[in-house]
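The next block holds one structure in the form of structure tokens; read it before the comments.
Order of writing sets the chain letters: A, B, C, D, E and F. Residues in each chain are counted from 1.
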Amino acid sequence: MAHKFVNQIEPGETIDDIYVIRDPILRSTTRGDLYIAMFLSDRSGQLNGRMWQATETIYRTLPKPGFAHIQGRSELYQNNLQVIVNNISLVDSGQVHIEDFLAKTDKDTHQMFEEVRKIVGQIKNSQLKALVGEFLADADLMEKFCNVPGGVKLHHDYIGGLLEHTHSMLRVAVAILPLYKQVQADLVLAGIFLHDIGKTEELAYDMVFSYTDSGQLIGHVAKSLLMIDQKANALRAKGTKIDQTVQDALGHIILSHHGEYEFGSPKLPATAEAFMVYYIDDLDAKISQVTAAIDNEPSDSNWTAWKSALQTRLYRKRLE
Amino acid sequence: MAHKFVNQIEPGETIDDIYVIRDPILRSTTRGDLYIAMFLSDRSGQLNGRMWQATETIYRTLPKPGFAHIQGRSELYQNNLQVIVNNISLVDSGQVHIEDFLAKTDKDTHQMFEEVRKIVGQIKNSQLKALVGEFLADADLMEKFCNVPGGVKLHHDYIGGLLEHTHSMLRVAVAILPLYKQVQADLVLAGIFLHDIGKTEELAYDMVFSYTDSGQLIGHVAKSLLMIDQKANALRAKGTKIDQTVQDALGHIILSHHGEYEFGSPKLPATAEAFMVYYIDDLDAKISQVTAAIDNEPSDSNWTAWKSALQTRLYRKRLE
Amino acid sequence: MAHKFVNQIEPGETIDDIYVIRDPILRSTTRGDLYIAMFLSDRSGQLNGRMWQATETIYRTLPKPGFAHIQGRSELYQNNLQVIVNNISLVDSGQVHIEDFLAKTDKDTHQMFEEVRKIVGQIKNSQLKALVGEFLADADLMEKFCNVPGGVKLHHDYIGGLLEHTHSMLRVAVAILPLYKQVQADLVLAGIFLHDIGKTEELAYDMVFSYTDSGQLIGHVAKSLLMIDQKANALRAKGTKIDQTVQDALGHIILSHHGEYEFGSPKLPATAEAFMVYYIDDLDAKISQVTAAIDNEPSDSNWTAWKSALQTRLYRKRLE
Amino acid sequence: MAHKFVNQIEPGETIDDIYVIRDPILRSTTRGDLYIAMFLSDRSGQLNGRMWQATETIYRTLPKPGFAHIQGRSELYQNNLQVIVNNISLVDSGQVHIEDFLAKTDKDTHQMFEEVRKIVGQIKNSQLKALVGEFLADADLMEKFCNVPGGVKLHHDYIGGLLEHTHSMLRVAVAILPLYKQVQADLVLAGIFLHDIGKTEELAYDMVFSYTDSGQLIGHVAKSLLMIDQKANALRAKGTKIDQTVQDALGHIILSHHGEYEFGSPKLPATAEAFMVYYIDDLDAKISQVTAAIDNEPSDSNWTAWKSALQTRLYRKRLE
Amino acid sequence: MAHKFVNQIEPGETIDDIYVIRDPILRSTTRGDLYIAMFLSDRSGQLNGRMWQATETIYRTLPKPGFAHIQGRSELYQNNLQVIVNNISLVDSGQVHIEDFLAKTDKDTHQMFEEVRKIVGQIKNSQLKALVGEFLADADLMEKFCNVPGGVKLHHDYIGGLLEHTHSMLRVAVAILPLYKQVQADLVLAGIFLHDIGKTEELAYDMVFSYTDSGQLIGHVAKSLLMIDQKANALRAKGTKIDQTVQDALGHIILSHHGEYEFGSPKLPATAEAFMVYYIDDLDAKISQVTAAIDNEPSDSNWTAWKSALQTRLYRKRLE
Amino acid sequence: MAHKFVNQIEPGETIDDIYVIRDPILRSTTRGDLYIAMFLSDRSGQLNGRMWQATETIYRTLPKPGFAHIQGRSELYQNNLQVIVNNISLVDSGQVHIEDFLAKTDKDTHQMFEEVRKIVGQIKNSQLKALVGEFLADADLMEKFCNVPGGVKLHHDYIGGLLEHTHSMLRVAVAILPLYKQVQADLVLAGIFLHDIGKTEELAYDMVFSYTDSGQLIGHVAKSLLMIDQKANALRAKGTKIDQTVQDALGHIILSHHGEYEFGSPKLPATAEAFMVYYIDDLDAKISQVTAAIDNEPSDSNWTAWKSALQTRLYRKRLE
């Protein structure tokens, strides 16, 4: 039976399906009765859930967060839809259709990763080659790299999104680097490969997409820089020379690739390579965001709904 | 004998060379003597010139502007260098080394234009093809297109600069369009070809680079749109159908290609094609600007001087 | 019987009235049943409408958009009011009370237009006179000019709004031009008359107020400039001389009359005439917006609700 | 003999003329010799002056600031022109041509003030009438009002400038108030009359235009509000009723008449009257600023120099 | 019986409790029946109330605003909760639990005020001492000072909030002034004591927190300045000398203590004392706002909800 | 003999003193003669120097940069003062009065450092204590920490400036932390101690103050974060537990302590501790900057010159 997505639930429906439980809290009413407040979510969004006549015992069994089979019914409360939960039983993640909870790229991640590996394999500078190799050799990290979404909301917000975005950026770089001979290709390729690597630590994506605590406090820009420093130090400990100037040139690309202070870059681009990574990143993100918005527009109108991140509606009509 | 550039003149030198005279004015001193104030310029900059004991007859012979052989001497006046002009004789533009006055692209304009023609020749949509063809068939306009600078100051500021910039952008588009299959290639190619075509009317470049009156009042963005409208109307008058929707999709790219209101775009990009032209334009302009600044830095320092347009100094050191 | 405005419908009401149908889409439920989603609107706003058990035949008969007699009932769905449509029958526009759908100026449009004609008749410069005359002689355009709203939302948002706003601005100009003798009156009067003429193409106002596709892509500022160019070219084709300098001085007023880049002006005012048109436009729009908000405030409070476009609440109390 | 303006002095000239001495300081060289540093100024600008072999006795005689007959010679020092002062003798202000030091309106201030008095005489509201009358009855203040400049730099920067600006604004208001019947004329007229009255305390204009200490610390906006409060309290002390609501409606116009926070308005306009005063103020200031810049441009060019306050050059060519 | 807070009312409840009635309006339905629209509020928020079958007699008896016993029932109308009022009876403010309507500081206001009095008692400058004393001696004003909230929404938004905030700021100043010996302590202490004194006139707090008309038109910054001027004038009238320079130095602190134009400061800080008051104000406000948000977060999450005033979520986890 | 500071050199002087040579370049004139261009600098600024008739041999001996005894004379060239260098002889840094080249704090650095050590010694949390201890135990780093300036230009721009600023901030924190009991003192103290520690790598200060290449590319904010990560990893390698949550809470303070994106903070403050460090940093910097500007104003005016970083002039008059 098809999963009932939370954005499709209407008031007065019977609920009998699996959802992710998040942030359960045990509270007491003004009369002193215990109840549990929680969020129920899947890939389409989240709803408030409330279990009356709860006990501390039940509360203790709840995952924070986790998958659970929910039985109850939907209702309106203060103009918001909520679910009155009658029964909760935990569900093993092996039993769920994970795609109901986490959107996923429709591209082949294995093939994309092989192409990424091949493109950065073209790097000739021995120190950058060693640094990139140290990342490629970290199997745990590379598995995360292949799975983490590109973001929580704006673009490439699905499993494999970071890989898809990085892969696409690398292909753009390979296509245009021959046209700009003064730009140092090795730095651009290494810079793209690692520009958002810190998202592997910034984002959580096991049940729903969210930020880790560490991710919210530090951010992927600084985290990427830290990871490069750690890999460089690991190489140095093994006797491989990594000059500070090489590390800084790469680090500068990471720190400036949002292009403007107001977008969280602590440094503005100061090299041709940093400018190139910034523009390729922005180009690939915006084209992806715009084409997704146009494809997913539910109406038949020539225009999408207003997109506040772009401060415009988007025009959907194509040339004939 | 090599031309003495105005930015190389020191106080107390004898001047005996050809310069462009601009904005001559006949004035009288507080004692009632007539004198002529003017600017003397070449590609390196401009200086104030002053001819004492002038007459209205001399003033009437002066070009506004034009080339002239200047004899006199340099001096400091109110802390600014100026040239006291003793003698002026007009010079025919055929006699001057035009490259002393107008910087020029070091690429082959004929070859670049042929490549531009070839790339836009790939456009398949019959209406866009007709529209682009109408521009290509306008020999006077195309000659201007091959010669006009890309700007007065920031980037591609030399004869042939617009062609070089447009040519480079088209090559980038050809390289990356296969990677973004949802983006309509015909619109991107036509949009790039025409994105700054209005600069042919906005900029003057016969003796020095400057804005025309019409260019300052209207700007190249609106002028490009007007030129497209005029060519479309000319085609319609000849019986070729140009749908308003096609013209608008192209016009939108022109009007939004600066990307933000504050950079003079009266519309924000609302199609994937408009975003692509905007990013390719900005990428090509910035890479050109950055590499030129790094190449032309006079010092041996690892950093250029502060670049206020980029809000940073630029790092010049390359990987070894 | 009085029309039931959509912003007065409560849940659970029986609906039996004429509305504008917009953007109907034929969709299928998860069970495979067909239904039609649409918007129902009048001058007070719009609601979602849904017709279950629909067929493709019904769908094909629906106007996109158009007037229709709707029978059904209202209900809450996901916290939003929607109308379940049981029956739809098309209605000829001649049968509807158009004022239920489109607000209209309460001034006499004929009289206002005659005054506009009289005021711009004072223009002495022969070229501007010819240009303005070419617009006045375009009967279709002048009919639109008398009917198009001044905008979709902020001010003069009713049939005849552009005429009312232009008329009021011209009267202000006539009143203050004698006080600023250095300002060229002819340019100011022609500039005001044509400053928003492009709204005749930017806005649609046959059933509800909205933007045309062309209007959203190009905008009324650029459209006004294009229309002036077309009229000037038409005059030239008829042998009437229109200097480029005259056209540019007028065009500059059009392009700069929003006063700042962030409000969509691609040029900043660079003449006294451009500044005067900008301030008269802004003054008339704001006074109209403020007095309308104060008059229409539903409460008896001394203050209106927060007006986000003005970043303040408005004070309604008058001196005694 | 004509005054030698400081912006006309060249290096190496003999100086023998009257200037304003400002900010004299007694200092000692590294060798221990005393000298006096000072500024020498007139309406055209200021220069550094230096008197070597000075004594404390001489220093004590110097005005801070004041008029003085200066004898010496000009020279370059660290690339700046300065005057070596050999002799200083004080000059009574009665002996100087004050117009060499302070620019003055070329309009008739007596006549303008009479018109101002006549226009505000139309105010019907008894409390506003009383308040305005209290200002008119303050002869010392009205004399300052007739003489203070409208500003130090941007517009109406000459003796009588505030009067000229206020007079012009009142005439605009009289011309357009009949067109906006909902706007309360009494508040607009009183608001304009008093909008910058605090400049009488903010600016000093006895020898050169400058800010008073109090003016720089508090500003004319807040000072105008304080002066209205003081006059209202004086009236109340005399038994004339001034309602707080009347005073607040007027005070709000004062506090919001710069229109935006970034221009020093602590409040945004929240009444039609406040918007009208704001726009009339800005219109009159900008038209005055633009026409002055166009008239005073020294070159014959169609364009003025870049005006950073307006972020553009101004176009000087008029229709024929 | 505990008060039923308006933010806890669900649809379909019977209402029988005391609320504040605000802005009652007598209106007629389309059928001509009279009804009364009003707001019902307490410290938790407000709801629409509607009394059908009303009469002008009932309307006249209603307080505008005031406490009333309301009997009726709650329902959803156009997706908003409203209360259908069947019966209204006025209630004397002596009968209500005022804390149900107005939040209050949990600190001891008497003790805080004594500490404030003691700290400003350290001021040595005789004129500032006199000025501060004049405020302290105004018993009505001091009572308001002890009760007015610090604001309507952002921080210290409860009875006694301004006192608590001022008290805390003074304690910070006392702690750090010894570390900055060049900063004039007297000015800082007087500046803090009076920095928001105008809030006593800007805010109303008898039944709910709101702005007075005068407060919205003039604002607490300008009102504080006016109050200082009035007290200074009162002292002068009594023969106590208050130099304009002292008053201006203090006034400057008031006018610049929001630190930036965009936050409503008409002046930027220009003295060390003004900077110190600005930073202590901002520090105390932000720490209070952040710790309150962290304490009041209803969920158990490590992060609060998004705080738009701070443009971030807040991290709640403490070190162990 | 006293050092002749470069900002005191006039045209035509004989030069015979020690300066820092920076960025020497060997160039050839248009006639093919070799010359050396260089900068000559001391703590007061820098000048262009030029040695004619140079040889490659001389060029090779020059330090880049370094101290040198310069003999020559000063002259004006293109309106700029430059020094014609006749003779250069290298000077050992031991022979120079370093205070002629680098300004230094007038406080006792040893005593300040001991107080810093004592204050951070109050930290109770064992992990933060260990982390801070690891920094204190790094003698080389602590020596740099005691000597590096606080910045190149704005505030604390002298040897020992970072220590003085950090020391002052810690004293402020100690004074006010007891007043904010909910704020975690350990995090604030550790955060202040390390907030700018990366400046030890960002700034060079051996001969003149400047940025290192690494400093300009990466910046002190990111560098401070990297140094904390390295020390934490070093501790972990030694078996000391440092939780990621502790490191992140501290790292967040570092990354957000500039308070706004536009000032180079990649994160906005999200904890009370981060807000406190941000405000103490800004308070201490601004008070230092303002009092220094007031103290160093060369004129006797009540106002300093315009300070563009503060967008105001500063008022220098104190209460009597």
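Throughout what follows, contacts are C-beta pairs under 8 Å (C-beta built on N, C-alpha and C of every residue); 3 or more make two chains touch, one makes a residue touch a chain.
The structure presented is a predicted model; accordingly, all values stated were derived computationally and were not measured.
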Least hop count linking chain A to chain E through chains in contact: 1
If a chain touches chain B and chain E alike, it appears here: A, C, D, F
Euclidean distance of C-alpha centroids - chain A vs chain F, Å: 39
Inter-chain centre distance, chain A versus chain D - centres from mean C-alpha coordinates, in Å: 59
Whole-Å separation of chain centres (CA-atom averages), chain C against chain D: 43
Chain E, residues touching no fewer than two other chains: 76, 79, 213, 216-217, 245, 249, 252, 270, 313, 315, 317
All chain pairs that touch each other: A-B, A-C, A-E, A-F, B-C, B-D, B-F, C-D, C-E, D-E, D-F, E-F
Touching residues (chain side chain F, partner chain A) in the complex: 213-214, 216-219, 221-222, 225-226, 229-230, 233, 244-245, 248-249, 251-252, 255, 261-267, 270
Chain E to chain F touching residues, read off their complex: 125, 128, 168, 171-172, 175-176, 179-180, 182-184, 186-187, 245-246, 249, 252, 268-272, 275-276, 279-280, 282-283, 286-287, 290-291, 294-295, 310-315, 317-319
Chain A to chain E touching residues, read off their complex: 23, 25, 30, 76-79, 213, 216-217
Footprint of chain B on chain D - complex, ascending: 2, 10-11, 76, 79-81, 298-303, 313, 315, 317
